[in-house]
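Two complexes follow with subunit A in common, the first pairing it with subunit B and the second with subunit C.
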Partner chain A sequence: MFKLKYIGKKFIQMLITLFAIITFNFFLFRILPGDPVKLLARSGALSQESLDRIHALFGLDQPLGIQYLIYLKNMITGKYGISITYRTDVGTIIAERMGNTVALLALATVLIIVIGIGTGVIAAMRRGSTTDKVLLVASMTGWSLPTFWTGLLMIVVFGVTLNVLPVSGILTPGAVYTSTGAMLIDYLRHLIMPTIALIIVDMAEFFLITRSTLVDVMTEDFILTAKGKGLSEKKILWRHALPNSMLPIVTTLALYVSLVIGGAIQVETVFSFPGMGQLMYDAVLKRDYPILEASFFLFATVTLVANFISDILYMLIDPRVKEL
Partner chain B sequence: MKILDIKDLSIEFKSKAGMVHAVQNVNLWLNEGEILGVAGESGCGKTTTTLAIPRLLPKNAVITGGEILFNGEDLAAKSEKEMEAIRWKDIAVVFQGAMNALNPLKTIGNQMMEPILLHEEGVSKAEAEARVKELLEQVGIAGHRFNNYPHEFSGGMKQRVMIAMALVCRPKIIIADEPVTALDVMIQAQILELLKKLTKEYKLSMIMISHDLSVLSELCDRMAIMYAGRVVEFGDAKDVFKNPKHEYTDKLIHSLPDISGDRVFTGGIPGYPPSLIEPPAHCPFYDRCERRDDSCLGDFNFTEITPGHWTGCIHHR
Partner chain C sequence: MKTRLKTNETWNQMWNDGLGRAGIILLAIIIIVALIGPIIFPFDSTETGTSAAEIMNAPSAEHWLGTDEMGRDVFRELLSGARISLFVGLLATAISIVVGAIFGLTAGYYKGIVGTVLMRITDFFLALPVLPFIIVLAAICGQSLAITIAVIGLTSWPSTARIVRSQVLTICERQYIERIKALGATDFRILFVHILPNTLPLIYANTVLVIAGSILSEATLAFLGLGDPVNVSWGTMLHYAFESGAASRGAYWYLIPPGVGILAVVLAFTLVGHTLDKIMNPRLREF
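Moving on, here comes the complex of A and B:
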């Protein structure tokens, strides 16, 4: 009963935040400098009449209040309008790009969680050992590397000098595949470098958080109780230490989602990876409002849902959660 | 019958400043069915000595010498695997600072069943649950609170849970490390009463640590007084309390508890206990002792001066 109420409360909070973000986005894009119609009509030789018609086509001639209401309705019904640069339905463009980004993020997330948390546990259990020290130095280094820089470095080393991995795109242009398997391998080969560039920082972050949390938890009194009961080190880890370390990790997970999206934009730009990040980057340059609004809306939703999920996980793990 | 016999036990901690000689050549024993009290001011080595028995010392501790004989076997020489089988099954602990000794994410019922399911093969969950609930009732907690989490209990209640938990496997020995220190006075008395009752009922042997000598003298059969890593006096509890044979014991008996529960000496003895990094070979109380003379500077010599009463003081009364 308490749990349902808690989930409901969190859900409503999420909706309110989402609404605030949509509103903020709407005004943000109206305040940002640059007139998209002027950009579109690069020649500058367009007659005022044509400019007005373009304005009308995109609904930019309406008063701001009306634009806002239309905008709200469109966001909710999934109509993101026509892209100013591509002149096709934004939903369709995003759908094309989304698959690639989801593949990249899914792969990255699995690796970050498995490797980041896994190595964190190993280091914490062997605190002070050589393994621990090596992992610590590696993660501190990884943590401080800028994503675009690692990306560029990898392109130079593995793409150009060693020439073992493709440096851009998602499929080799003009390639003819004998089977789906061959295509999948090509796809994965294109994913390797962007994924690595994307995960280094977050993996290091997860490593550091897991390690420090677990080291802290291992000094708690109830761990000594567990040992006193005759539990083996492994059982202490699985039954007592790890569940208690999950709380900060779950919180990090929610933060991670917003961070990794930022990382994806950098990585996709560096690797000319045809995903949402690159789409957004281009859209910013070209002031393609409909695309930007739609992608911001999507990412905001994803981030909020991640937060919502982490709140619920937190509640499920920690019996002390009673209030908001 | 000695159920536990600690012989010449020495324990050191590795620290940045050097090896800390926290326990030096300690000798004491526990008779079956008896309560042994261990007293002494904070930092004198009570916890270190007693946690060495189930080998629950921190990683930087080393047992540098001596034996811990339990049923004739030396626990100090056992492997970690062998110790795992002995912990809680034979020797259970009510830890110092029990406020955080329970895992906040698990129900107390689950935590109490854990040792049963771990040590006793063939005991079903239902049987374990029944046993746990019965023990909860015995320490004055309603059985239906089995499914409650630690944060739903008060400090005194948590301590009761800890005591009940120590009993779940019917251990032979219970080590209670300052089981009431953090609790308020009314509850202290209740918990001590409860411990005494349970020791009788379950025919337990118990080591009870406290820095409150008056509590120990009432509760215990035998008593050990520790100072700066050494047992300076050991004997029948009433005897030690009434006829202290070591100057430090005498001072401890005549001290009053201060607000924090730590003892202050009414006489106001100047000085501090010696450094444990380079402890003296002679009586550790020498620097602060009013009766000291050059004969005290010989090696500390723990001897039996009347049957069953041991002291390290050569000027014993």
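Moving on, here comes the complex of A and C:
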């Protein structure tokens, strides 16, 4: 009963924040300099009559309050308007690109969690050893690397100098595939460099958090008790230390989504990877506001949902969460 | 039980820590280079090459790090970029810390409706994906150093606010605050004379890490084409390098130095920040 109430409350909080973001978006993109109709028409010589007609067509003659309600309805039903550069529906453009970004993020997330947490555990168990020190310095360096620059370096080294991996896109242009498998292999080859460039920073983040939490937990009394009972090191780690270290790691989930989205925008730009991130970069260069607005809204929604999931996981893991 | 910062002791602990010392030395070198470098090797962004033959040249005796896509000297551009990256990072952090500390102090001290509203605002900003958010703000507001500083500073404060608030909550539980209140001290006096100094150790460690984050944010924004086109930072250099195809031309001299600069500065602040954090947070001190 308590759990349902907790989830309900977090869900309502998420909806309120989502609503706040939509409102924020509405006003943010309306303080833009210039009349959007003139921008669309790209001609100053329009008669007042045609200007009025276009205004009416886009609903810009309505009072601000009505415009806001229409906007709210459009955002919820997925109508994001017409792109200025592509001249087509923003929703359709986004739908075409979503799959690539999801593939990139899914692959990256698995690697980040496995390698990041894995190395964190190894370092914490051998605190002070050479392995620990090397991993610590490597992760701080990795954390300090600008993701886009890592990508650029990889292009120079593996793409241009060694010429072993494709540097852009998702499929080799003009390639004819004999089977689906061959196409999949080509797709994966295009994913290698963006994925590696993307995961370095987040792996370092997970490493540092896992390590410091685990080191902290290992100094707790109950670990000493477990040692005193003569439990093996493996058993202490899996049964006592790790479960108690999960909380900060789960909290990192929400932060992680924000970080990895930022990373995806950078690597997609560098590798001309046709996903949501590259779409956003192009929209910035061309000041394509409808696309910018819609992609920001989607990224924000994803981050909010991640926050919500991490809150619920937190409650499920930590029996101490009692107060609402 | 006061947790005021003991400067001497902190410095000694920092210097005796391998990573902390490495951070301080790296930071000292970078600051000296950024301060003196541009005086010896001034950079003029209008001093472009005169012919196509001077564009993206490999390093030579005349141009130590070669030339960029407009025939300008990369080495001089790099030194001047150091100043701009540091300048933006430090100012943005100053804004971020001041806003974060004020939010955290107020939200922690006034527990009723004021505190709740302030924390909701903090959570709202905390729930937004950072990069898309600053991209949208910068794309709408325009491209200048002032806008970059404001955008980064005004979006990175929520984590500081949360840290400060939780510290204020524990300080307010202590009896001496009750006593001071009973003696008739004003809220303003309690907040700034009695509570703020006790949150400073946490704020210091956090500030250094925020600088690292701000410099990275600036570099990323500038790389995505949202930097000041006149005051060229390392991120802006990499933007032009990328847009002019330096990567596919293999123009390593144009791509490597600005990135190494960003990496070195961010790493230096990260090393110092983590060591400070460890010193201020005694539970983790022994590792």
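In this section, the second predicted complex is superposed on the first by the 288 of 324 C-alpha atoms of A that agree within 3 Å, B and C clash if a C-alpha of one lies under 4 Å from a C-alpha of the other, contacts with A are read in each partner's own complex, and residues count from 1 in each chain.
Definition applied: a contact is a pair of C-beta atoms (placed from the backbone, for glycine too) under 8 Å apart; a residue touches a chain by one contact, two chains touch by 3 or more.
The model shown is predicted, which means the values in this text are computed figures rather than measured ones.
Of the two partner chains, subunit B is the only one touched by A:A226; subunit C is not. In the superposed model, A:D318 makes contact with subunit B only, not with subunit C.
With both complexes placed on chain A, subunit A has more residues touched by C than by the other of subunit B and subunit C.
Of the two partner chains placed by superposition, only subunit C is touched by A:A20; subunit B is not. Of the two partner chains placed by the overlay, only subunit B lies in contact with A:N244; subunit C stays clear of it. Residues of subunit B that touch subunit A in their complex: 54, 56, 83-89, 92-93, 95, 97-107, 114-115, 118-119, 149, 151.
Looking at the complex, you find that subunit A touches subunit C at residues 17, 20-21, 28-29, 31-32, 127-128, 136-137, 140-141, 143-149, 152-153, 155-156, 159-161, 167, 212, 215-216, 219, 254, 257-259, 261-262, 265-266, 269-270, 280-281, 284-285, 287, 292-293, 295-296, 299-300, 302-304, 307. Within the complex formed with subunit B, the residues of subunit A that make contact are 220-222, 224-232, 235, 239-240, 243-244, 317-320. Contact residues on subunit C toward subunit A in their complex (touch as defined above): 19, 123-124, 127-133, 135-137, 139-140, 212, 216, 219-220, 223-226, 235, 238, 241-242, 247-250, 252, 255-256, 258-259, 262-263, 266-267, 270-271, 274, 283-284, 286-287.
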